[in-house]
Structure formats: structure tokens, C-alpha cells
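Several structures are given next for inspection.
Common to both upcoming complexes is chain A, partnered first by chain B, then by chain C.
Entry: the complex of A and B
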């Protein structure tokens, strides 16, 4: 009877319109109105998200098992692995929240995109090895049945690190650790380097380590003071450009907010307490601005150019077939630019990056900068290595942040580690217990000697 | 999910009639979309019935979880089939040595092997049996023809152990991609001839890894559909490997000739 009434209304409206106006625009209006009416009826009928007062389909749900704050590569990686490793299908509801869906300031999209296994910490090497394995087999993990296969556009040209006299001993010991963990690295003297890459000027280079892209996935296989444990019950998700917010009740919160993880942690009350105590230990992750420059050099190194990191800290890689290169340099502590905005300082390139590049690769003496951009490192001021795992006091906040410039390369493996921590309670495949939050309170620095 | 473009897709049951059709048979996964593969699918036009079947399947997948799960399961089965074929036989390697293991692997996949001083052995030949390999225990392999085989990154382990390999033919292999090329540096001392013609997954980024192969004298990179700019890539590869003869796209491919040069086109020498 209801349906009949609807048809009658619609039919009468159609006939009425048809008689009065014979323009072509009348029929679309009618179909729009019908679809609007259908939508309203559907929201009132059982089965949909029913709210008699207003339509909340644009807001996040009211309940979710895990809320991941931060939708960059680490947040999405944790979300993927949580769904992939959950035992019964559909067991966990995961909500990923990001404050900017255009990712205009997110470090993920602005990164230079290098991946290497030449670290000094064994955990870092293992993370990179698995991440390369993930990228290689990305179609097994992420392919959708009817879509074309994914192409990551990966350049397996290897990673070349140069060391001067001072750094040569450190590089040798690093290479030993890397080989032990299974990475394929080859050490070269300046003569061998000159033979292999004739466009390099080996002045000042004592040793070079060239890392082939290896892919492997190995299994690997502890004060009677009173502490108050806290729990996060709700996450208030505020919508863009409006005063609406949705309190999402959740069991776990994962802080993958990148450069802004410190602020998110403060919202949860981490660091509010007398300094020197566990309550007063803040999450030492803050945004640091880094510049990336894109230039063109017609006489530059050829197709075989690896990702090269110079002794001075300047690095570059080739992009595409057209003699275009991307690169930059990390500033020293005194020269740190203000992270308030993402404005690019072109003088930095002239004074600090170009001289080193031109010294190392004479062909770069004549180059033309095409464009430049700036992005944030989620810089861990304590020891420049990531923070993974739960917070000791705020029991349901997990961290997956602070990777200071090597987050993108380790994201798949870190996502898996955090998902294992959430689902099983401990790390199953790669043991990252040295990267837990408690090291900030205990003062145990886990230093990485190869930070670019 | 309103707009889904209906792509020309080749179904699994197509008989292998020509070399190009066999490519589709071996790698149906990679031919579900034609966006990355140019030129190969244009030669194959599916009939009306098959196209309608594909459209119906896609319609059902979009709307029913069961159909989606079933198709996902079949997809995973195809992937694991390729993995199974590329298992490395460590038992054979330990007992008979790397040459026999490598030869057994290649012949199992359907390729051909040439031991030093002997003739080519093909698995499809009349009278071939794996036991005749046992007589060649200490003889190194000098050439491998793995064309049209389903060899992938893991399977390459067997070939990388052959330290005296001089010629490697990987034509039209559907699973050989840039990552596989990045492993070939282990054969740099001995490899003199390499052919990658017709591999659908190799792009110019993989070709950049070939610069480690300094002893290479002949390289064939013709007909690589995933390479974005064949002429320019050929020039860059020739620069990268100065002592190597690179066969492939003519460098003038894609360039538009002016009117007065068109008449001279047939007479101009094209580098082979």
C-alpha cells in the first residue's frame, strides 16, 4: 500500500511536469527526488545505521576495537596486519583516523623513498629485510582479484654508503653485523669504487659499502612504588571544518601519528608528572623539517646509479629515464630549520648540499634545480630509533612511531610487529623488545650509527 | 562501485596455440588487466560469450562475499602453484652437486640445458629421462634456455649456483621481474649472453641492475612491454654496458620523421 502511494505520487508528479514543461531537465529532477526519498526510507528501516534524529553516516562508528591515530604508512600497515593476522575472520574492528585526508603534510608522501639494509642495529636490519620481502611479494599480500597487478615502481639498484677515514672502522663493524643478519653488502676500496662507478670522485673516501637489495624473512627466534595505571576509554574524533565530534569507544589506541605523535601522546596524559619518573617521561618524538630537491643534470651518472649517501651526509638518487635526480642533506643540530611550516629554503641547497654533491660527483657541477619540497621526520630526539609497543602506564596505548627518517622503509615489518604485540601479546617474528617505550625512562639509548 | 571498466580479459581455459597465447595460459593472473601490458592483448580478442562471462563474474564478485572469497582462494592457489614449481631441491643439490640440481630444475620446468662440451638437452625430446643427467655429475653447465618457463625469484637460486654459466635465455618468462634481475649480479664473472625478450614484468628499473654484468657481450631486450620508453632505454643501457652488444628496440622507434626523411627511412642503417 505504501509502495502504491509512492508510485501514485511519482506518477502524478511526472505527468504534471510532462504537461507543464517539456524541457529535458525535468526527468533528472524527478529521479533525484526519488533517490532522496529512497535514502530516507532506507535509513529509517531496520538494517541500516538507524538514528531517528539525524543521519550520522559521515561520522565514524561509535564503537571500535582498535583506533589507529594516524593514517600514514605505519598506521595503515598496522591496520593491514591486524586484519591479516586476526584468527577468526572479521573478529577485530579497526578504525584509522587521520586529520588530513589529502596527506599534504604527511611524511609518507613526501619522503625520498630509499630503502636499505645498512644499519648498525640488528633489529633495524631485520625490519628492512622483511620490508623488502613484503615489497617484492606485494601482490601476494595486497592484490585484489579483478584489479591489475600492483607495481611499486621499485628501483633495485642498491645503496651506496661512503665513509671517510674516521668512519671507516665503524662501517666495517656495521657490515659485519649486516652480513650476520643476512643482508648482502659488499665493501669496496676507492679504486674498486672508481672502476665500478667512474663518475664518482673518490677524494676523501676511505671505504664504501654497497648494499644489494636482499629480501629474506627469517624467524627469530624483564621498587615497591605505587603507580596508577590509566586506560583510554574513548577517542573523540573531531570532524573536519565543523564542530561535530564522535566519541569512539575503543579497547586499544595505536599512536602512529608520525611527526605529531608527541602531541597525541600528551593528549593521553603521557608525560604529565614530575620529571624523572615514569609518569613524567614524555614521548620524545617531534617534527623535524627536511628538504628534498629535484634537479636535472644531463651529464649526470647513468642508469646504474645507486642511492648514494656521501661522507658529508648528502644523499641523492636517480629518478626515471631522463637524468633527473632527487636528493638532500640532513642539517646539523645547530642548523635545524623551524618545523612550523613546510617552506623550502633554497639557500640551504646552494650552501650545504650542492658543494658536497659537486665534490663527490663532478658532473653535478652544472645542474638545474627543477623543484623542491619539504617534509617532516618524526624525529626521536632520544636515540633516533623507532618506538614500538605498549606504554607501561597507559595500558592500552601502543606506539608505532619515531623512526626518524626510516619509517617508510620499515613500515610493513613494524606493522606486523605491532599487530603481533596486540594479538598475541609478544613479538613473534622479529624481536623488537629493545625498542619499547620503557627505554626512555631507564635511559638506555639504542643508537643507530647510520642515520641520514 | 558504479563504474567498473570492462577490460578485455583472457580466460584460463584458452588452448596454447602460439607462443603469445602460451604466455596468457601460464600467467592468467597478469593478464586480468591490460593496463600494464601493451601490445600483447591487442592480438587476442575474446569472443562475445567469454566477455559476457567475465562481466557476470565481476558483477557477482562485487555483490557477494562468497564469490569474492572463492575467487580469492583460487587466486591464492595459482600463486602457490608457481611457488611449488620453484621449490629448490636441496636434497639433490647436496647429493649430486649444483650442476645436476640446476639441470634437473630447468628440465622439470620445461626448458633446455647445455653442459660443457655436450649437446642441448630438452625435456620434450624423445628419449629424455632424468637419470641420464647423472652421468654429467662434475660437468659444468654453460648454457640454460628457460624460455617460457615459470621461473621466479626463488627458483633463480638454482641457476645462481651455476658459476660457469655463459648464456642464459629467459625469453617470455611471465614471472621474471626486476627483482630477479637484481640477483643476476652473482653470475657476473661468467655470464656473456643474456636474453630477456618478451618478459612482461621487466621494466627499465630492472635493466639498471644489469650493470654489474661486466662480462656480458650480448643482451637482448626487445619486446619488453613494461618498459616505458624502449628507444631511450636502449641508449641508456648501451651507455651503461659499453662492451656489450644490445639488441632490442631501434633507437629511432617512436620518433616522428620529417617528410623529407621518410623517403630515406628504408635506406638508413638500423643498429642491430
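Entry: the complex of A and C
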């Protein structure tokens, strides 16, 4: 009898639990029911101009201190450094806007991913040095508490630049500048090259520079002229696949739109004026298509393969551990492919890239192309180096674009430089005043003497 | 009093019937003229009060506040001109109507004889303010701010209604002038403390007291400039005025009830000043400094000594003008750079030197520099608090230092140093803005000559 009573109690408890789970299960249904009812009401009633239940949570906020146009590596780098360098916490509100959240055409995702410090311009060297340091110690900068440590697949294999007889003198002077800035570079003769990398055919190579890594710093600024100074008051962010847009009131706009920076700059009125004047100077960044090929070569060079850039302009690097390689070549001015789409031209590989690769690395005579893709360079038609800093006339637009193929490798340092410019008013660590916009008007080209 | 209320009410048809190009001019000039009609009230020939009718009266406590209210309407209209420029005409007129309506309610509140009328208008002032904050505020957070503002104040003042009606049934009349003579200390009853709490809570929330101040930073930051001005300058003083009137009726039976609130105010004063040091948003900094100054006023009223009452009234008037001035200055920054973050707009002294002069004067009055009336208020309050309890001087001293710290921090951050690159093409100061600032500063500086008119009933 006692057991029977217990059994009864247990039974009732069981029923009670069943009841509670049933009521617990209905709570999430309630919110769905509400939205269903809302939809039914909206479909039944005719649409009017006044809709009190209008929900704008999918739109960006109405106000932000800084709006960064472009969510690629440069835009995100600027956003990161702005939040990292602000002294009081939570001071600046940053909004990063990108037109494609899948990054299907962004240069960041489609790049070959090589980093070098062998530039001829001291600023470029310093930028790369800091970026390498950033990537090496990425967990110091970007690690999130309680998440596993980051792995950006940083393979420090080195970068090998080959120079023929003509380019040897330039390479030597470049190496001197690089050593002054603090990069660790070594010059090799063809014999040393043959010893170190037996798979290379050193035919036609006069000198090779093989570089590694470290870091450095400095600062300054510039001023505008007396003309119509413009100010951006708000940015209209248009939502995907719809006509609605949100005007975001902002104090600053940072143009990090990569290959499309020229168009974004034109929206702000940069370049609208008589040619030859500061108002008429456009931002000379346009998209240029570049191909990247992925091939497999079982007898190819092994783990010590650096990122190799041949005298002819072809380049390749090792990918992974299975004798796979990524590479390509910059086409000459006459052969520039049409940047309208991202279609790959396989004949380009057969005619232009493979012969040079096969000449330089005999093992590549038998290779099999696995896949290929194309990406855009945010090509600076003026001098193929980045544009950083504010515009002299549209006073609250800052640029961080136009890096023509070396944006990914310089992104952390450029982000920091732009954040310093915004927060402090001048470049603190690396002086990028030679990369300001005003050089387009003044005609001072800062050219790199070793372009890929 | 009708000579002030009827012209103010008539301002509403004036705005609606004005042509679009005369709208701002008409409302500003006529409201300035109305504020001039308030001046003769200052001529208080009787120690008691100036009774104009059964409904309205004014004495030396309500007159400075009335002056402040009527003075502020033209200033609010001047300040709103820029950000309302792009709105359609009907909305502009609606906005000005809200301001005028608020003005009418405030005038009637400050001059009400009957406490129920005071209560009704006290609640009525919430409605136009709420409309101004939620409809014309800057960001999406303004809805949240409006809700906090409305419900905090409403919840605080419901007990006040109950207490007033109870007093009406027991006393027979709630006429303020008579009430001060009728109250006799009776045997202490437990419900005395409840009655005290019911009366005081509404005004504590309005002041605001430190624990009940959450609505203030939100409401001040999200409100448009006219909303911020009227909130900081007048609406906070409604609480102070109410407390000053009611304490005459409530003392001395439940004086012990004041202690928790005194502690809250002492501590809150130091806390909110310290928060100001860490603020990145300019308007938020000024909002928290308002809480800090008002905590001084609450303390002064709660200790109920003649000197402290004088200090409280002086501080209310001085803070009203200073806080409103600071909000106008912050707004002039915001209109140019579209951002309220302090670090994005620095070194403005190089670019707008006259505005820097106004900033300097506003900061100097905010940190209670002698011989401004801010100092007189603070000094009277400090002295009377010291005589009430010697130890309070420590916290009061700390607060004065921290006030100076954050005010100077605000000044140096916005004005001094190298200017950020993107502010070098902001529009120069408009004459309208300079007028606005000088109209704020002129009373502040002129009152230094004869502060006795703002020292209230105990002078």
C-alpha cells in the first residue's frame, strides 16, 4: 500500500513534468506566431505610408563616428587599429560597410598571399616589416579570450627575387635601402643560389636577393589649398537587393574599397573639376584582373621553397605539403585582360607563364594545372603604390587603398597608420607622408623599382 | 501672471500663422519681449509674496525660476534653427509649438498657489518634453531614453498625488501660502515617514537623486538641443522648487527621513563627478555634471538651514544657465562634425577662437570660479553642510576638485592642442550661435553684481 502511494505520487510527478515541458515547449512558438500574425495582417491590409511596426534592426545604425567603405583586409585593419588605439575605451563608433559579405570578388580572398620586404621604397619596407611582425605575433593582437589561438597559416619560407644582368644594379641598391631600414636580406650569386636551391636553373640570373624579417618607425604630415573644401555629412548605405537605404550620419569616411575605390571617390566628388587642378585630380585606382594558377608537380621543389619571383616577372610559391604550387605572372600593358569579369584565361598560362617557370625550374616542365582563378588588383595607375591619408579638399575622407597587389601584405601597418592619422592627426610610427593623395596633383611619383 | 501666460499662449497662433521666412524671427523676438515682462515681478515689496490672484503668486523663490524659464524660450528657439532647417514647415511649427506649450506649463507650475494645480502642471510638462525627445532626437536610442524619462518621473510622482489628496482631506486646503502657517508639529506617527517619502520621491527623481538618476544621461544625450536645454535648465529645477516648498509643510516631524537621501547625495555627487572624467561623449559628460551639481542642491534642501536654502536657490539658477550654455556649445560642435565623441574634434581654439572664449567662460562658471554665482551657491551649501556635520567637508572638497578636473579636461580636450585634420574646414561660428552664447552668459555675469535677487526667500 505504501509502495502504491509512492507509485501514485511518482506518477503524478511524472504527469506534472510532462505538463511543464509542454508549456515550456510552447514559448518559442509564441514569437513565431506573433511574426506570422504580423505577416498576415500586413498582407491583408493595403500598404500605407505609415507603418508603426516597421522594424529597422536589419539596417545599419543612423549614426556612426567613422564609416569605413570596404570590408576587405584594409578596411578591417583600419577598424581594428582605430578601436585598439583609442585611449578611452568605447570612444569611437566604427561602421564597416561592404557590398558583398561573401567577399566573392574581393582582392583579399583571391590573392596569392605572399609577403616580402624587398621593396625599394623605404616606406614600403617599413610597412611590410611591421606587417610580418603582426602576423608572426598574431595571437598578441587578435586573440579572443577563451577562444582557441589563431592560425593564419603563416609560412615564413622567405622570398627570393631574381635579377638578370640589367636589373642587378637596381637590386643591389634596393638591398642597401632594405638593409638600412632593418630588413634582413642577403644577396646571392648564381653559384650560391645553385647550392642553396638545387632545383633552380640559374641561367640568366646575375643576382638574387633572399630576404627575411624584423621592424622599425617615424612621422609627419601635409596641408590643403584654398579651394572649395567639401565635407561628407552622411553616407547612404543601400541594402542588398532592395531599394531601402539608411543614411548614416558620420564624422569621417575611410575609403578602403580596394579595386572600386575610384568609383567610391567619384561619389564623394573627388575628380570633378577642370583637369590639371586639385579639384580635377581623380583617385587613379582602377581594377586590374590578374590570374592565379594552382598546379601540382610531383618532382617539384620541396619544403624549403621560397616565394620565388623570376626575372621574367613570373612568380610562384609552395602551397601545403603535397607538391602543390600557386603562381602567376603580371601581364604587360598591351596584354591587360578586361576587368569586367573574373573569367580565367588558361591560354595565358600556357603561353606566358609556363615557359618561364619551366625555364627557371626544370622540374616544372611536367606539371598539371589543378585549378585557376582571377582576382582584382586595386591598381594605382599613377605609380602602383598605395594611397594613404586624407584628401586635401574633401576633408573628412581618408584613403587606405591603391596598393596594387601588395595590399594584403601591408594591411596591418597601413591600418595602424590610418588610425594614427585619425586619432592623433599625424603618422606616429611609420611616416607615410610620401603616400598622401596630394602627390597625384603635384606629379611626384613614388615608384617601386621592382614590381610584380 | 496672466500678463505673462496669455502672451505665451498666444505665441502658438503666432507660429502657426507666420510666413515661413518670418517663423524663427517672430517667435524669437516675441518670446524675448515676454521675458522682459517677467522682470517687474522681481520687485518684491513684501517679505512674504506677491499675490496676483487666487491661482497665481510669485515670491522671491519662484521669481528667479520664472525669469529663467521665460529667458530660456528664445534661447531654445535660436538654438534649434540649424537642425530644423531641413524639416517641412508644419514640423518646424509643431516643434516650436511644443516648446511654447512646455513654457506655458512651466510658468504656471512655478507660479501656482494650489498644490494640486502645481502637481497637474508638473506632470503636464512631461508630455511636450517626451514628444520632443522621441520625435526629434538624434538616434534610435531616443525611444529607450523617452521611456526611461517618462516612467521614472511618472512612477516617482504617483505617490505625490496620493499624499497631496490625503493632505487636502486632512488639512482642508492645499494653498501654499496658508499651508506654511497651518502646520503644527503633532505627535510623531509611523506614517509620517511614509508621507514624507511620498512627497519627496517625485522631486528626488526629478532632481535627480543619485540612485534614481538613470534617466538623465539617456534623456539628455538623445534629446535635440532645445530638449537638452530645457531639461537641464528648468525641469531639474522643478524638483528643487517642489522640495523647497514642501519641506516647509513637512518639517520638523520627519526630519530623520532625510538622512538616507543625504548620504546618497553626498556619495552620488562624488561618484557622478568621477564618471565625468571617463566620459567620451561630450553631451554625456555635461549630463553627468548636471547630476553632480543637483546633488549639492538636494543636500542643501534636506538640511534646511537658511544659508543652505540661499545656496540651493542660487545654485539652481546658476546651474541652469551654465548647463544650458554647455549644451549649446556641445551642440555647435556636433552640428559641424556630426559626432559627439570628444577625441574626434580637438584643437578648436585655433579654428574658432571666439567660440573658444565662450567655452572658456562656460568652463570657468561650471567649475565655480569666484566671483560667479555658481561659487556663491556652492560656497553657501558647503558652509552650511560643514556646520551640519564636520565630516561632510571631505567629500565636498573632493567633489569641488573633481568638478574642476573634469571641466578643465573637457575644455582642454575640445579646445587646446593640435586640431584633428578633418575639422579644418568646418563652418565658422554663426552670429546666431554667438548671440546664443552671449545671451546665456550675460545674465550669469551680470548676476555677479547683485546676487541677492537669486538668493531666495531666506535672504
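Assume the second predicted complex is superposed on the first by the 385 of 452 C-alpha atoms of A that agree within 3 Å, B and C clash if a C-alpha of one lies under 4 Å from a C-alpha of the other, contacts with A are read in each partner's own complex, and residues count from 1 in each chain.
In the analysis below, contacts are C-beta pairs under 8 Å (C-beta built on N, C-alpha and C of every residue); 3 or more make two chains touch, one makes a residue touch a chain.
All values derive from a computational prediction rather than experimental measurement.
> Sharing chain A, do chain B and chain C clash or fit in the superposition?
Verdict on chain A: chain B and chain C fit.
> Thinking of the overlay built on chain A, is A:145 touched by chain B (first), by chain C (second), by both, or by neither?
After superposing on A, A:145 lies in contact with chain B but is clear of chain C.
> Counting only touches as set out at the top, which of chain B and chain C does A:334 meet: first, second, both, neither?
Touch partners of A:334: none, neither chain B nor chain C.
> Just checking: does A:61 make contact with chain B only, chain C only, both, or neither of them? Give me first, second, both or neither.
second
> Return first, second, both or neither, reflecting whether A:425 touches chain B, chain C, both chains, or no partner chain.
second
> In degrees, to the nearest 10, note the angle that opens at the C-alpha centre of chain A toward the centres of chain B and chain C.
Seen from the centre of chain A, the opening angle is 100 degrees.
> Touch test for A:191: chain B only (first), chain C only (second), both, or neither?
neither
> Using the touch criterion from the header, give the chain among chain B and chain C with more contacted residues in chain A.
C
> After lining up the shared chain so the two structures overlap, which partner does A:154 touch, if you call chain B first and chain C second: first, second, both or neither?
first
> Could you look at A:136 and tell me whether it touches chain B, chain C, both or neither (first, second, both, neither)?
Once the two structures are laid over each other on A, A:136 reaches chain B alone.
> First (chain B), second (chain C), both or neither: which does A:302 touch?
first
> What is the minimum C-alpha distance, in Å, between chain B and chain C after the two complexes are superposed on chain A?
Minimum over all C-alpha pairs of chain B and chain C: 16 Å.
> Which chain A residues contact chain B in one complex and chain C in the other?
Shared contact residues on chain A (touching chain B in one complex, chain C in the other): none at all.
> Provide the residue numbers of chain B that touch chain A in the complex, in ascending order.
29-30, 32-36, 58, 61, 68, 71-72, 75-76, 79, 153, 178-179, 181-182, 185, 203-209, 211, 226, 228-229, 232-233, 236-237, 239-240
> Any idea which chain A residues touch chain C in the complex?
56, 61-63, 65, 86-88, 90-93, 221, 224, 229-231, 233-234, 249-252, 390, 395-396, 398, 421-423, 425-426
> Note which residues of chain C are touching chain A in the complex, please.
Per the stated touch rule, the residues are 138-140, 278, 280, 337-339, 341-346, 418-426.
> Touching residues of chain A toward chain B in the complex: what are they?
136, 139-140, 143, 145-149, 151, 153-158, 212-213, 215, 302-305, 321-322
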